[in-house]
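Letters are used for the chains, namely A, B, C and D, taken in the order the chains are written, and counting of residues starts over at 1 for each.
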């Protein structure tokens, strides 16, 4: 069985594994205040062209989301699209910290300035929660990406309304190297208050780099990390990996491989007349498969059944990663030929 | 600078690192339901001689503590000694999930059945929280260990009072191989409702193995792991490590090295007439150092200043680990000779 | 200015006020375990024809909702319609206790069995919260009511799916005496697991009677009341009032007056060709008013602007209560004549 | 049976009851923004000689405590004496909002500046919670009172350390009219950041007046009230009562009666050679009773058994209120004579 189920099916990419091996026996301080983390933060600040951001290394994506939102006060709420990861696939982790999530429809998985304005307008007094942060992810849950003018417009709206803008960057690498993308890492930092650069889904064993630009959100953030179960005793483990990924082109190369392999898959599907549920330029694609074909595919491949499409079809999700090889795609093509004959 | 500050100053022990390397490119399912975790659970069940326990792999010690206690209902409380880790060094993570910690003095870092009985007696109605769980750690925060009849007596008390007994095993290896210990891994499972086998402080990069024996506490535990930010997408990372540690003697060998090195340090201090604050048989020792000597030591070593002792002395903590070498101890002896001449 | 803004604009109805006066100087136990509360509970059990229910007297509606939902475990969620009070007008009080609210569209403010089934089907694993309770209110936020076969069907669905059914009865009196209603107080108890009989909006100064039928939800409920700030030292204050309301027909007479006055208002509006946003048979009506007329009305009356309707119209809400007098309606009619000439 | 169990055994004092009756049928706005609450706030501001404080009317004492502490950030903690109400008798309501309580021994129920300093000194990094508020009550749980220089010194300490000082005034009236007291209502406001004037235990049916002086704590407080189940729809109910209590001398007269009756009881006990556990000048006294005598007393009186004293004696608590009559004390004296013959 080969798995296209997700982008965290393997361990670390070679560069990261090598860095873990090389640094393993060196002593360091605990809890993420070691020199590996310092070096990683330095590398990231340079890439962002923002010297004054706070950087923290966190165990995973859900922890990052919980931490960013836990900077809010008890009665403050976060706005996101209905399909947002915090709203659907985090077992109520945000609500478990006491905060309400206010959802909007979104468009292609993306939130719009109008939706943000409407939510704020309709929450005017103390009988309702107070919207205070906007959550979005790039790439989105549907694999789509934000364009620079979209993000700029959302950020402007947030600033006008006194909201913080938080970007979930679990697949930020995939977004930034996607065809059609016009955002840079620096732009992301310019146009958000807080965001994270995802490691887990792009070559690390675990770990993400949280970047805090807005001074309001910086104080005591390490208290929150500890309180919310997201601080490693051997914090170095994440610092070493994020440095390895970001000190050279590895982070973007990993993401690019994932995107290219996924787009190759998409092309293969198109050759068989199979349509996509949504046109995603990143490493997740959503082919609409006949159920009979899906069953055949499942005999050799692990894929995600995203949602029923109609009685005879299912929306599926195929994900590629830094580890997906050309030969994996070629094998799949050959199998698809066999299945459809 | 050499660090005796803690037992998580290095990366992974050789066996663990090797296992991570060997398994790195194999695909597996996400979120800890992979075959590496299955194998690790099988290995652990066998060691515990309990086939019916649930086993979960968790990112760290504070997460384990939070998760065990979050099985309680909102108004139920956990009892522990004042020096308990959850009460002092977890940034209120337990309270952040809504649960009160009820503290007792303890004796040498250990809780007594009498203290448990007294707390329960004094919490009789709905105007107070309802004690429902006892927390203890073995080894304790002071490096001391529980004897079998002590743990048996505490467990019996808990069962009579309808309390769950939870054991924090961050340094369980160190306890079980300590001189004077008469408990086995099987005993720990027999005499608790839920406990964890600590990996982070005994050779893993990160990760602990939570063991749930009591059926009350088993349902939906994975929901709690996810909700409390303690589930890795690449859950395999912990499974691979725990299997490597526990499939043979590595776990106990690591702990034994840590204890022997610490006890050697203790012997060295005694040769210089330096007394211990408490007589600990594990990998943490607490020498009472003259401040002038402490300053000299600090020029070459990182150690923890535990508490002021008197105007001229400080209680310090030295911790050894699987990584502490005989030569490190020898070097320290030589330096101590130099400092005191 | 006369207020049609809500049904809690005055103090207590005469019968309740009289009972408070008569019992004022009698001593009683604190915290709701007094003989007044006992008597009130007895009266309610008799009305419900359920001797084995637990009854608790609570300070208000939001507290009742929070308490009912706080019987759930941390990862369990409550399902309600988007317009549900807990989702819109309780400042995230439910989320503040850690629970996620899962919303469905509903129909005329009412939830359907199909919606419940769909939510449960789409929440299948530990990466999502676990639906465990359904919240509905009768009358609803839109003044509509549930019919017996609707409630029966929802209850059956809940039982099949292992969900608790909770009914918010802030305006239960208004529902039960509405034209078209076929439910009795006993039916409400038969067809829910937990519900409350609202006092605040039907003649009490404050206070509601929570009724718990399902044995799962009974244990330790008083701990929750205390912990969630909803227990009065002088708990008698609510017991005295609920007894006064429910020992005879007062509760239903109050509600009937409110409904009749509101329906009279509705009739008056219809005579002026003014349409309702929704056809509500209870004490809340939702006339769609021309903005110019609305402005005139606002010079003498306090009403709620519910939502914009179109550029020239606004959906408004008028609420009547036990205290609304025929003369108030007559005055309004006269004013309306004047405004429209 | 006559009850000395507490100071909330009766309804409202005459003045308060009268005010409720007189205002009952007047319409007003909901949720505490009505003109009764406005008038009450005006009366209170004048008494405090602080025009710029925010005033909110809250349902009870535990809600006040929870609300004051919920102004803190997630990782911030509150310091109080071990016997503090929030630590012992509020069913973990503070922890339920996520905040840790840090306890100190105290002296006669009172916290000292040294204890505050020590707690802050020993909480220096993000692995521990961050002390941010001091909680004290006047009168204390043991009926003792703070002197002006004590409160001044605590307040100064708080300001030096960046802590908020919160005073629980459930029995503030009793403190301010106690023999030996040298504090005024204005002093309380001068020397705290936030406090409440207790109504429930001093003549109201329910309700307390929260006073916020420190600007940091003012924003969005009404959101917290609503979220924490402590806002009444008919908020006027508390406003009317607090105005009645504080617009003239009623509040202090009530408290004075309670104190005098309790001190008369104390004198009676002394005549029988019965000692007090602690010397309290307010409306709670703590006689140490022989168990045989206690049993006799319990045949006619409800009193609180505070704690065992020795094998033959029990520390008891007798509480008087605005409602205690001279004849009640005289009756008790006569009974005591009979019991001891």
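Note that a residue touches a chain if its C-beta (ideal position, glycine included) is under 8 Å from a C-beta of that chain, and two chains touch if they have at least 3 such contacts.
Just so it is clear, the model here is predicted, and its values are computed rather than measured.
Set against the C-alpha centre of chain C, every other chain centre is closer than that of B. Per-chain CA centroids place chain A at a distance of 33 Å from chain B. If each chain is reduced to the centroid of its CA atoms, chain B and chain C end up 51 Å from each other.
Note on chain placement: the centre of chain A and the centre of chain C lie 42 Å apart, centres being C-alpha means. For chain C, residues that reach two or more other chains under the stated contact definition are 74-75, 90-92, 96-98, 126-127, 129, 223, 226-227. If you sketch which chains touch which, every chain touches every other chain without exception. On chain A, the positions that touch chain C within their shared complex are 74-75, 77, 88-92, 95-101, 126-129. Looking at the complex, you find that chain B touches chain A at residues 2-3, 5-6, 8-12, 17, 20-21, 23-30, 59-63, 66, 90-93, 96-97, 200-201, 205-206, 223, 226-234, 236-237, 302, 323. Residue ranges of chain D in contact with chain A, taken from their complex: 31, 70, 73-75, 97-98, 126-127, 129-130, 220, 222-227.
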